[in-house]
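Can you keep this structure in mind? I'll have questions shortly.
Chains here go by letter, A, B and C, matching the order in which they are written, and residues are numbered from 1 within each.
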Amino acid sequence: MNYLIELLVSGLAVGAVYGLIAMSFAIIFKATGLLNFAQGEMGMITAYVAFSIASATDGNPWLTAAGAIVFSVLFALAVERIVIRPMVDEPILARIMTTIGLAVIFRSGTMLVWDALPHDMGLAAGSALVDLGGVRVRGAQIGVVVALAVAVAAMLAFFRYSRFGIAMRAVASDDATARLMGVKTARVQQAAWGAAAVMSGIAGALFAIAWELSPSLYALGLKSFPATILGGLDSVVGSAFGGVVIGITENLVGGYLSPGLKEVAGFVIIIAILMVRPYGLFGEKRIERL
Amino acid sequence: MRSGFYKQTIAEHLALTDSWTQRAWIAVALAALATAPFVLDTYLLTLVTLMMITAVGGIGLNILTGWTGLISLGQTGFMVLGAYGYAIPVETWGWDPLAGFLLAGLVPAAASVLVGIPSLRLTGLYLAITTLASAFIVVHLVLEFPGLTNGASGIFVNRPTVLGWTVFTDQDLFRLVAIFLVLTILGALNLRRSRIGRAWFAIRDKDDAARVMGVDLRTYKLYAFVASSFVVGLSGALYGIFLSFVTVDGFPFLLSIEALAMLIVGGMGSIAGAVLGAVFLVGLPEVVSMVFSAFGDSARALLSTGAHEVKGVLYGLVIIGFLRLQPEGLMGLWRDAQRVWTLWPLRY
Amino acid sequence: MKSWKGAALLAAALAAPAMAADQGVTDTEILLGEVEPLTGPPGLLGIAHNLGVRLALAEANAAGGVGGRTLKLVAEDDGYVTSRTIQSLRKLIGVDKVFALTAVSGSGQAVASIPVLKQSGIPTMIPIGPLPPLYEPPMDNVFVVGQSYTEGMHQLALFLAEKHPGAKWGVITQDDDYGAALREGIEQAKGEAQIEVAFETRYARGQKDFSSEMLRVKDAGVEVLIAGGIISENIAMVKEAEKLGITPAIATFWPGRVPEVLKAIGPASDGIYAVDYVAPIQSDAGQAFLELARKHLTEDEVARVNRYTMTGYTSTRLLIAAMQTCAEDLTWACTNQALADGPAVDTGVMAPAAFAGGRFTNSPVTIMQADYETLSYAPVD
């Protein structure tokens, strides 16, 4: 019994990481119709910046968190403005390839600026062990679950109550009409990029604390992808749920079935979902079939 | 001098070549392929061989992405299937290499039916997502059945004997690959001018209109996916022969991205573009290395401080640069140059 | 026609080494080449190895070179991608025309390069990833320095079986040829000692989350854990064990035996076992090696020295010694012969290495234990 609980807890922790990154995919897709294949890389860069700040401030968690969040937003806005916005009227393939090109640059750039070695983040609070009724977890793992919960609550409130959230829904449902109604679509898309950067940045940094910081951290983006599909590409909150489901599934598959299957479990789910419910569990049924 | 491209009869549309200039270019290219093995040194020869193998894969993807407008991120998976589809029958079971090449195309084609049926009924990005997933699943399956695939240890692949011709030297391999490239180009061009090819174009340009004209979208998209996978599988088999060793490690996921990048750099939707893109992207790291070594000792000092990553950054910049500044790719540049040549000194 | 062609090819193949024997050698210079990953995470080993080769060359050049000729090195980056390894090899052999190769990237890349190496006949040193297919059956011109993973695992398992009699074992290995070699080593040890494996699994390369694997380790009551990852994987496994509050004896392997791993794991890394055929940096021999490195390399470079620097250095010293024997008649045939029959080279950081007529140094391994305080490893008694 304890074994099952421990599997569920570790699945929840890693699932929360997937969930945050999946939410980043979804919010950008919702606001711009674009899949950002560089999302994992952007999370990784934020984690590295957090690592640099932590080293410079002797592991002060508040300064690190504040600095990393500010950086992630500025970085995302710069990327959006310089690289993504000018491509706005290009065909979708060109826009997707732009993000893939960005991903390649970010991967090499990370190793250029930092190095290829694995690092410990140097944040004592994050790697401290906490005993939760017999199940031991790291501080950062609690942190990432809390962050996911906060992000979900914030997104729910945002889309329900904020003018901006409603504007984003308008842009998502019909870009041109929204613009005619006076919605500044560019502003909406910037907000989406900023929010995505914060969520994937938090996921990247907390993953780096609880597990490790290395230049292969970007692979988290790829691993989170199935979560977005499961939850629904345009459903931000659904993606969070998808992340948790995938994380727990992976751990249950690894814990009871073949561990080799664990790494592809997510991708098998993608294929299954697309056959049965292509718009995901929570996505809007506006996907056209032939 | 010709001033434009005007086609007035169906026969002109169906012709493989449209002008003497074009035929002259083709003759030059064929002559270059024929003489290259006698002229080039082994390094350049293998470089061009690799370019041609990559071009075969690029043409395959072009059928799907350039002509039918569907995005695939599963190039790696189909190349792996092609490589094993060749290596297992030929090396393990001792079949004739010709049968191996046939299977190298058929196995990925069959897999594409499996992947394609659920995903092609959806519009949008869904094929990209399923093919991405299938690329990872294929690698997993190869590792999961070591009895058939020899698992992670891989299979050694000898250079084949085709119809009594033993491919032994690098020159022979060059010729074999050149033959495959020419056959692929001919096959693709013939598909393009058939009813199927015109249906693909119609789907790419406006799928609703295509449907009104009686094109069954699902069927024709599936045709495109199958044809594309067949050709990509062949390039995988050739790549396996080139490496003389087939493992999943030899086919990193990066190949999928490179294949798309190649079409963008070369020029989407044209065979010449796919070939140019392959030449450009395979050549790029070599050119960068040459530039680096031209700096001599200072570059060697950079080596140990990790400035090799600059290459990766450059690669990404080239992709984004083309998308942003020359979305038609190298073929677009070529057409611009032609126009300037014809119209000079006038602007238009 | 066909037989004529076959005969011509055979003649060409036989004649090629003799005709091209002096390539890369001028009156003043000898050009050597190598392929290794200098970019990406595998650059950790490629760059360190490259430093070792350059150290050996700098030392030899300072002592007058080989027969008065200066040694130069061309290093090609393959980013650990097999097609680029083969591409680079052909460039080194065909265009740069190097005299010998000081490394052919990692184990998978080297195995894939066998046909090219065989065909060319160029003297080749393999100091990274010594896998059996590279020396069984031996090839005339390919020289493998080090020890196989299988034998290393075999020795490590025998040691652990004696140290922890009757313990339950857990084995986590990678799903590739590296993992297969480790599993074979354990099988061999099982025949000679009492080993009870309570849990065994394989993970997919690149996996980052090992929580379910380690939970199964805990559930099975494992007391001796073979952590068969490379770098990131071992960090993840040990940190996960710390989290779960289990303290099995953990054994790791040489590919990840670098101080950065201990640092990234933290205090939990104290006492981890490792096996290697290279001396730890903190040992006397290691310190003497660092001293030597400081003489010939920049401070930045000395900071990147690790075990791969030592293997690269030892293997290049063997090559230089053979070339010196052949200084008067610097041909491939002579160098291959001198490498095979030459006396042992003792660099201090490895047991005296020689090929003894064969193509493999079969270097003895040492079991060591990590010390987190000093971020180093020390031999166990």
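In this text, a contact is a pair of C-beta atoms (placed from the backbone, for glycine too) under 8 Å apart; a residue touches a chain by one contact, two chains touch by 3 or more.
Keep in mind that what you see is a predicted model, and the values were worked out from it rather than measured.
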Q. What kind of graph do the touching chains make: line, ring, star, complete, other?
A. complete
Q) More C-beta pairs touching across which pair, B-C or A-B? A) A-B
Q | Between chain B and chain C, centroid-to-centroid distance (C-alpha), Å | A | 36
Q.
Just the number, please: Cα centre separation of chain A and chain B in whole Å.
A. 32
Q.
If a residue has to touch 2 or more other chains to count, which residues of chain A qualify?
A. 108, 111, 116, 260, 263-264
Q) Considering chain B alone, which of its residues make contact with at least two other chains? A) 140, 143, 306, 309, 311-312
**Q.** Interface hub residues of chain C, defined as touching at least two other chains
**A.** 39, 43, 175, 204
Q: Spell out the residues on chain A that touch chain C in their complex, using ranges where they run on.
A: 3, 6-7, 10-11, 13-14, 108, 111, 116-120, 127, 129, 136-138, 211-216, 219-220, 250-255, 259-260, 262-264
Q. For chain C, which residues count as touching chain A in their complex?
A. 39-44, 175, 201-204, 206-209, 211-213, 215-216, 218-219, 231-232, 235-236, 239, 242-245, 260-261, 263-266
Q. Once bound in the complex, which stretches of chain C touch chain B?
A. 2, 5-6, 9, 38-39, 43, 47, 50-51, 74-77, 81-84, 86-87, 90-91, 93-95, 108, 111-112, 115-116, 175-177, 179-180, 204, 298, 300-301, 304
**Q.** In the complex with chain A, residue positions of chain B that touch it
**A.** 65, 71, 115, 118-126, 128-130, 132-134, 136-137, 140, 143-144, 217-218, 257, 260-261, 264, 268, 306-307, 309-313, 315-317, 319-320, 323-324, 327
Q.
Which stretch or stretches of chain A touch chain B in the complex?
A. 35, 83, 86-87, 90, 92-94, 96-98, 100-109, 111-112, 115-116, 225-226, 229, 260-261, 263-264, 267-268, 270-271, 274-275, 278, 287-290
